[in-house]
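Listed next: structures, encoded as structure tokens.
Two complexes follow with chain A in common, the first pairing it with chain B and the second with chain C.
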Partner chain A sequence: METTPLIPQGVKRCSKLQFSLWMAVAVAVLLWGVYAMYLVWFKGLNQTNMNDAYGFALWIWADLAVIALGGGAFFTGFLTYIIGKDKLKNIINYAVIIGFICYSSALLILAIDIGQPLRGWFIFWHANEHSMLTEVAFCLSCYFGVLTIEFLPTIFENPKLDKIPFLHHLSHNMHSIMAVFAATGVFLSFFHQGSLGGVAGVLFGRPFSYREGINVWPWTFFLFTWSAAACGPCFTILITWITEKLTRKKLVKDDVIQLLAKISGWMLATYIIAKIADTLYWAMVTAPSMGFNLMDFYTNNPVYGIWILILEIVICGIVPAAILITRKGRESKFLLMLAVVLAVVGVCVNRWVMVLQTLAVPVVPFEEWFMYAPSWQEVATTILPVAYGVIVISLAHRYLPVFPQERELNPSN
Partner chain B sequence: MKEEQGDKHTKRYGMVIDLDKCTGCGACMVACYAENNVPFKKNETDKLDSLNWIRIFQLTNGRSYPDTEICYLPMPCQHCDGIGKHGHPPCVSVCPAIATDYDYSTGVVSQIPTRCFGCRYCMAACPYHARKFNWWDPVWPADTEKYLNPNVSARMRGVVEKCTFCFHRYQQARDKAYLEGRDEIYESEYQPACAQACPTNAITFGDLNNPDHAVYKLKNSPRAFRLLERLHTNPKVYYLSSKSWVRRAGDNYLENESRPESNRQKIHHK
Partner chain C sequence: MFPFNFEWAWDIPHLVFHGALWYVLSIVGLGLTYCIIKSAVDTFREEDKGDNH
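And then the complex of A and B:
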């Protein structure tokens, strides 16, 4: 093991060789994704398996999923700076970095996903204020700016950068006004998380996803924000656990994790009650008024059985909520990790069905179910952000003081 | 806008397709391809990425011989008026860049390919799959470029396109009326290519608000129905069929739920 001036003092990091090999694997996967991205940008969306029935597919799911999982940043920021849960300052840096990765990935995927990437700016320049996607684009871009601002002080705390007086003072001053950025982030996140729910919820031509609501906001608007606030912190806990396993050391104290898990559990419990109420109203009132029975959405196709609804609501909703709101559940490492994995899977399944199943269900009575499997280019460009995330986290962990409790928890360094 | 055109009332152009007359010959599709410079693939087997602005479905009553009945149903963009007062079709309000719009003077749902950046949200919103994406750049076989319609812009890869009710023909008819000092255009002056090409006159086109136009009466026929009326998309394409199973096939119904003929009349007029 070695230390260099670039690595924060008092912490242990792996050798350069080990780090380089690890990074080489991640970069190789990244380059595979970059090659697929090149093909899509230069040859067009014919490189995908999307079609006129499946205008939205794997990428839009990936966008919705990473934004929900990145919700840990805004909600942990809200708890830390607005509610005043000081204990969470020990994990907020990491939540922000994970959020930064998620949101930058979402922007990249969106740039790949549009048919005319060079016209991407039209969404700002020719904005239609009635479109949920417009609100998503504005809030998502602004919030990415906020996340960058929240990430910067941690970057400036790198030992080498910290020696530059300007950056040292800038970092200090940014920390002191971080509550302002956190509040801005919460405001922006509420709207773009909600608007992503609105993207599917307003589709009154699609009985599977259409929901009534308040004024112009369908119920999915509120459910998406709620679920992101509930499951985003679970993703932060999961990534923290994976990082601890890979680096073979404890980085965050258990009481910090358990506080976040407890709040996340209550958010998940209340969310799942609201989700069940929404599902019942949709199944018993909204869908029948359009001529559909609940089971019309879950039969006569090779993939979408009723199991997916049970998986989303019961196995990945009620079960993790029940674990996380009980002290015994949180204190058992196995149950805690099981719960956060289930919650993460649950929110991803929710985003999947709201995008993919919405388009799979036949609406015109004489059409059949539409099935879809992604092309390798779609898969590679979806894995690309994972490799990118691994690289950013690896660099951040190695060179930045991400975890304030690391030295205390690993005194032998 | 209305004053510029000198219109006496707002038009609401629509189509009535008599399924009892349709033979499924496909002449409407061919005419549409030619009129609107719609590109085509070498192999058109997979219809899910074909740029056909009007498609023909074959419906059957699901019974075995000798009770089998077949019906052909041409489906262009339905030019929905949408929920409530017209102007809110499923696809228009979702477009983030206003690349598709509802023309209040004609009721035509337009598409502006040069504004579209290919997000495909409108495609996800349309329950009829009327919207088509240019997955490839158009490739015209040798010399066929010379036969492209100069009145319709060819589209490029990466944008959405759809039936416009041959809106360029409306513009031409309006120009002609202006030059001749008329406020109104004649019914025969503005007809889309599909309606003109239909050999059995199954497609009738005109102003649904104008009692002098044929579609005005046809839409009130007891044989008339529209697709997916229960979604309140409020389409301006009407179908006629004397067969009750065909009319029922136009919408979704719960098991043992009868088609509310009397209620339909309430829904389908403006």
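And then the complex of A and C:
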């Protein structure tokens, strides 16, 4: 173990050799993804297995999933700066970093997915005001800017940077008005999380995903925002636990995790009640009114059985909610981690279903199910953000004072 | 995005959509500008104090 001026005072980090080896593995995976990205940009979207049936595929699922999981940043920020849950200040830095990684990954994936990244600015310049995706593009870009602003003070608190007077003051002043940025982030998140759900909900030609709602907003609009607020903090708890295991250190006190888990649990419980009500109404009223029965969406295909609905709602919805809202459930380390893993899987399954299964279901009687398996280039570019996330988190943990309680929890340092 | 774009129209969707965008960008921009200017002022004040001692 060694301490250098770049590393925050009072904490110990692994040796440079250990750190370099760890980073080399992550960089190797990253380079594999970069090579696949290069192929897609250089040769075009023929490198994917997308086709006329699948204009949206693995990348859009990954986009929706990381945006939902990155929701921990906006919801924890909302709880910390707007509601005043001061205890969460001990985990907000990490929630912001995770959010920053998730949103920058989402933008990177979109840059690959649009095929012509040089025309990416068209969606802003020639905006279609009637498209949910235009709202997503606006809010996503703006919120990434907000997350960068929220991340900057932590970067400026690096011991070396903090010695520069201007950056020291900038960090302090940004902290002092962070509530303004956090409130802006909540506003942006509410709308882009919702609009991502709205995209599936307004597809009146696809009875599997179509939902009724209020005015122009289908119920999926509200369910997506709700599920992101519920499951995003679970992802923050999960990544914090993984970081603690890898570094073999306690980084955040249990009461902070317990509070976040409790709030997340109640959000998840109320969400799953709303989701069940939505599913029942869709299965018994909306779909039959369009000539479909529930089992039409879950039979005559090799993958999508009724199991996926049970997995999403019961195993990854009701079970984690029941664990997280009870004190005994939260206080058991095993049950707590089981619940957060199930919640994270649940929101990913929900996004998969709303994107991929929606496109797989035939909409006219003479069509068969459309099945899809991603190409290795799609898989590699989807794993790329994971490697990128590992690199950013490793650098942040090593060089930045991310966890305010670390010194107190590890006095032997 | 701007009123001088050829596809711009002075209707409710444009005003709501782009109004919200520019509102958000203004808040973020003003907040950031405030922080940068205040930090510059704080830095100069600190340097002045250091010179006087």
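In the analysis below, the second predicted complex is superposed on the first by the 413 of 413 C-alpha atoms of A that agree within 3 Å, B and C clash if a C-alpha of one lies under 4 Å from a C-alpha of the other, contacts with A are read in each partner's own complex, and residues count from 1 in each chain.
Just so we're on the same page, a contact is a pair of C-beta atoms (placed from the backbone, for glycine too) under 8 Å apart; a residue touches a chain by one contact, two chains touch by 3 or more.
Note that the coordinates shown come from a computational prediction; the quantities given were computed from them, not determined experimentally.
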First, second, both or neither for A:Thr134, with chain B first and chain C second: both
Partner chain(s) touched by A:Phe292 [first = chain B, second = chain C, both, neither]: first
Partner chain in contact with A:Thr184 - chain B first, chain C second, else both or neither: second
First (chain B), second (chain C), both or neither touched by A:His126: both
Touched partner set for A:Val364, first chain B, second chain C, both or neither: first
Partner chain(s) touched by A:Asn46 [first = chain B, second = chain C, both, neither]: first
Chain B or chain C, by number of chain A residues touched: B
Chain B versus chain C as contact partner of A:Leu21, first or second or both or neither: neither
First, second, both or neither for A:Ile242, with chain B first and chain C second: neither
Chain B and chain C contact sites that coincide on chain A, given as residue numbers: 125-127, 130, 134
Chain A to chain B touching residues, read off their complex: 44-46, 50-56, 113-117, 119-120, 122-123, 125-128, 130-134, 137, 199, 202-207, 288-293, 296, 358-359, 363-367, 370
Residue ranges of chain A in contact with chain C within the complex: 124-127, 129-130, 134-135, 138, 142, 145-146, 149, 165-166, 169-170, 172-174, 177, 180-181, 184, 187-188
In the complex, chain B residues that touch chain A: 46, 48-50, 57, 59, 73, 83, 90, 93-99, 115-121, 123-129, 131-137, 156-160, 227-228, 230-233, 249-255, 257
Interfacial residue positions of chain C with respect to chain A in the complex: 1, 5, 7, 13-14, 16-18, 21, 24-25, 27-28, 31-32, 34-36, 38-40, 42-43, 46-47
